[in-house]
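Chains here go by letter, A, B, C and D, matching the order in which they are written, and residues are numbered from 1 within each.
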Amino acid sequence: MKLEGIIAYPITPFKAETQEVDFDALTITLNALLEHQCDAIAPLGSAGESAYLSWQEWQQVAQKSIEVVNHRVPVILGISELTTSMAIQKAQKAEELGADVIMVIPVSYWKLTDQEVYEYYQQIAAATKLPIMVYNNPATSGLDMSPELIVKMFEGIENICMVKDSTGDIQRMHKFHELTQGKLPFYNGCNPLALEAFCAGASGWCTVAPNLLGKLPNLLYQAIKDGDLAQAQNLFYKQLPLLRFIVQGGLPKTVKAGLNELGFNVGAPRKPLQNASLAETNQLMGFIRQATQI
Amino acid sequence: MKLEGIIAYPITPFKAETQEVDFDALTITLNALLEHQCDAIAPLGSAGESAYLSWQEWQQVAQKSIEVVNHRVPVILGISELTTSMAIQKAQKAEELGADVIMVIPVSYWKLTDQEVYEYYQQIAAATKLPIMVYNNPATSGLDMSPELIVKMFEGIENICMVKDSTGDIQRMHKFHELTQGKLPFYNGCNPLALEAFCAGASGWCTVAPNLLGKLPNLLYQAIKDGDLAQAQNLFYKQLPLLRFIVQGGLPKTVKAGLNELGFNVGAPRKPLQNASLAETNQLMGFIRQATQI
Amino acid sequence: MKLEGIIAYPITPFKAETQEVDFDALTITLNALLEHQCDAIAPLGSAGESAYLSWQEWQQVAQKSIEVVNHRVPVILGISELTTSMAIQKAQKAEELGADVIMVIPVSYWKLTDQEVYEYYQQIAAATKLPIMVYNNPATSGLDMSPELIVKMFEGIENICMVKDSTGDIQRMHKFHELTQGKLPFYNGCNPLALEAFCAGASGWCTVAPNLLGKLPNLLYQAIKDGDLAQAQNLFYKQLPLLRFIVQGGLPKTVKAGLNELGFNVGAPRKPLQNASLAETNQLMGFIRQATQI
Amino acid sequence: MKLEGIIAYPITPFKAETQEVDFDALTITLNALLEHQCDAIAPLGSAGESAYLSWQEWQQVAQKSIEVVNHRVPVILGISELTTSMAIQKAQKAEELGADVIMVIPVSYWKLTDQEVYEYYQQIAAATKLPIMVYNNPATSGLDMSPELIVKMFEGIENICMVKDSTGDIQRMHKFHELTQGKLPFYNGCNPLALEAFCAGASGWCTVAPNLLGKLPNLLYQAIKDGDLAQAQNLFYKQLPLLRFIVQGGLPKTVKAGLNELGFNVGAPRKPLQNASLAETNQLMGFIRQATQI
């Protein structure tokens, strides 16, 4: 399996009254993403509030998502756990449910040494046959894995085969390329870096943007593939204000606000996260209009 | 209730084979702390691997600790939760079990706004009659609360009545003093700042050090109270290499290594955290010997 | 005048025995740069140890450089001064000597407010008719000017008409584009960002690289202009190890080491800066060979 | 010579019309400092705008200051130079003029390696018999010297015999103490750390505060020496708002504003530095009144 292009991240909708997962809304948002020509779907990522769900909820969202996508594109399940044992439990459940890939981020409370991170991944990898995407996002997980460590795991652990980096630091992508002579596929998880990551050789863009911008992220990817840099710049700068805004405001809050405005009933993020304010929502919608008027 | 002096943090012992909580070892370590003249006991803090325990384990450790301490000193239970609802559940359980204080730290995945933090505490405070110690430790929780925000909560939320700051930034303690004209009791959670925090007016020192250094932390506190700055300096500089070492190495790993060497069987920290290496343990024991030869 | 492409930075050669400026070596290095198809020459920049020269030396290097370039391409003179009065003196001298542009960076000791920076540039601009390139490089100057401040100066001060940013932060280039709807020409001064800065719309690359890599930087620029992204990536990744190395090691030290190895006698950097070690020089030459074997 | 207590930093007054050094005003401010029971005087430090003066001005201010102090207390002359040769020139002039100590800070443009810093100090030390105070202040100089490097110079270079640290990081002072078993006298240059630095064993407080607060800094020092921690806290918290304000606003600007209000005619700082605004000046005077009402 070769993942390329736009990897779309659904949010996890909650019912307004009960804060329970809303599986009907989940189905609708997943189908909408697939209509926007995404190349893979990644439920239960940071945007999907994976870390805020109970173990039971996580399983239910995973199962429902795999069922709805129904092999139209690959499904990448997100796992963000503090303990090795819980991460292993999820990895095994993902395999059992029929996921194609797991994306694993080691959440930290006490900072982990490189050796601890290595064994965390090694033990998860030993417990599943699924391919593993290493996910680095210190802003949420509190842990920063160096390119050197990630490459060491790519070379030493069999089913670790790709990396998603959300630091926004283009030099890390250069390092992935250099340290492996281009063999490690890297994916960009920092929305405002979408243009340059592709230019540096990223295999894909991991993004919530198709939820709000439809096919625009895909068009940017196509322009790059066509070698049309002027068009890629044009498409990128149109989307950029929105991309920056959703990152700064926090994805669950902003994407849910936008989806609710666009007619999807996806509820609020889970407390202590709050809804976007009216002013934030208005600003967001302005950026969506700006981006989609091409 | 007025908390002052040395607030001791037990670790949570695990059995070597099963990784289950070892309640006998817990009892022994708690009794040892009480022999070292600590003024309060704070189970389930960062050092107690609170964030790595299941909900059931958390309850069991809380119950056992309260039972063992048996009103000899106040018990402060640690709560570090991502969601408001889980934090409330723990606060109510703490009250039911007979804790004297809860120490609450909002763990973050998506960064919280000040308003989100405020409501997180407000909703917990509304669910319990227990006094609340706000705990700020961005290095573990990923969230940094400004002195201004903490003071606002102290002034606006009834049962918020003290703050533990582990940033190691003495200027924050100055701010607590200034913004409340000395009314907000503040506690220092950064071991290598123990001397200066007391000098700046801290009410107490929240520390695992009595696990390894016995009465030495208490002697430092007494020297300050006696106005004997030369003796306080002397006592502090003796302890400092150990204090720095355990912070840099991570408390669960280093304190458990030391306790195991000292004859307590407290097991290893929970994975992905690993045991201290032999070299680290030797270094640690050297610092303990250096500190305790007075 | 529209500056585009490769803006080459010469070093300032010193005689081995006397540490005096070596004008013969300067002539040779300038002519070599011009043979490498550079689109402009920028003497007395950071790489040219401008900040380490006496007022008299600065004038002599400026005069000689303008004379040697002799209108083959535009000459951009660097001015990095702590006091407004000294910066004005240099700006007026630059105009008198026949420079085409001045590149101005406000060196800081006491941090400057935005208002102080604005007036610094305004007063320099009022003292000369030359176009001014604002130069932002907090790593050397100790002062970081925000894109918003730079755009404000671009819009409010007549002869401020371009910006060189050396922070390596691609998001700043996005800001220049967005805040001026593409009207402010921006130049990249961070060598390891050369590929992506061009992709984001940079007008040029300010670099010492042609000293060591000849026409390679120009070839990268041409590939971008031709829309050949695969070739641009290829050319960039070949140069990258060298580009990173010279930035990390400090430009005067590393570029002089390389030039000396390549047969130019440019001497050592001025003390306290030291020569590259033998190991560093060997590593450097390895990177040059790696880059130039195309 | 054993320096202890309050080391006072005069500003360098400029005439309003001509921006020339005002030697009469300098005399008056120096005499005022001496009346406030300062234990040493340090002209031409950061607060004295040393870096903004011409070589000739530096010599004149040095000569005049030494003449005015006239051996009443030791004189420590500040040297902040980019090049080794200029720093040596000033060191030799300081000795010739009769200074007691030189305080040397290596200003950086290109970052210096530890070896480059070591040789910078070594060459200066070899050129003079004067005792040298190493001065570390990365916020102004752009260079941060580790405690390990400073201790290495203290142990390896004969006339390096004390250190002033302005980082505000109390842990560095602990390091100075530990790495030399208390042999290296360290001085605190961060005003809002005055209380704790003394508590940690600092030999002195390097400060502009006596310019605005008269004998208050000395009273704080006396309270510490008397072991009266409650009084020291009281004195410190009274001064703290002012101490924080002058650091945040920049010393030359704020201290000159205060001195002008207090009836000294010391002019404005040198451009691009600007005068304090009316609002800033009012706030400053409020803090002075708050501190001096004891």
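One rule holds in what follows: a residue touches a chain if its C-beta (ideal position, glycine included) is under 8 Å from a C-beta of that chain, and two chains touch if they have at least 3 such contacts.
Keep in mind it's a predicted model, so treat the numbers as computed, not measured.
Give me the step distance from subunit B to subunit D, shortest route via touching chains only.
1
I'd like the Å distance between the centres of subunit A and subunit D, where a centre is the mean of that chain's Cα atoms.
Centres of subunit A and subunit D (C-alpha means) sit 52 Å apart.
List the centre-to-centre spacing of subunit C and subunit D in whole Å, with centres computed as mean CA coordinates.
It comes to 35 Å between the two C-alpha centres.
When the centre of a chain is set as the mean of its C-alpha atoms, what distance in Å lies between subunit A and subunit C?
Measuring from centre to centre gives 38 Å for this pair.
Which residues does subunit C have that touch at least 2 chains other than itself?
Where subunit C is concerned, no single residue meets two or more other chains.
Could you classify the connectivity of these chains, where an edge means two chains touch, as line, ring, star, complete or other?
ring
Could you list each pair of chains that touch one another?
A-B, A-C, B-D, C-D
Give the list of subunit D residues in touch with subunit B in this complex.
So the residues of subunit D touching subunit B come out as 168, 170-171, 174, 177-178, 192-193, 195-196, 199-201, 224, 227-230, 232-233, 237, 240-241.
For subunit B, which residues count as touching subunit A in their complex?
19, 46, 51-52, 80, 82-85, 106-107, 109-113, 115-117, 119-120, 123, 139-142, 250-253, 269-274
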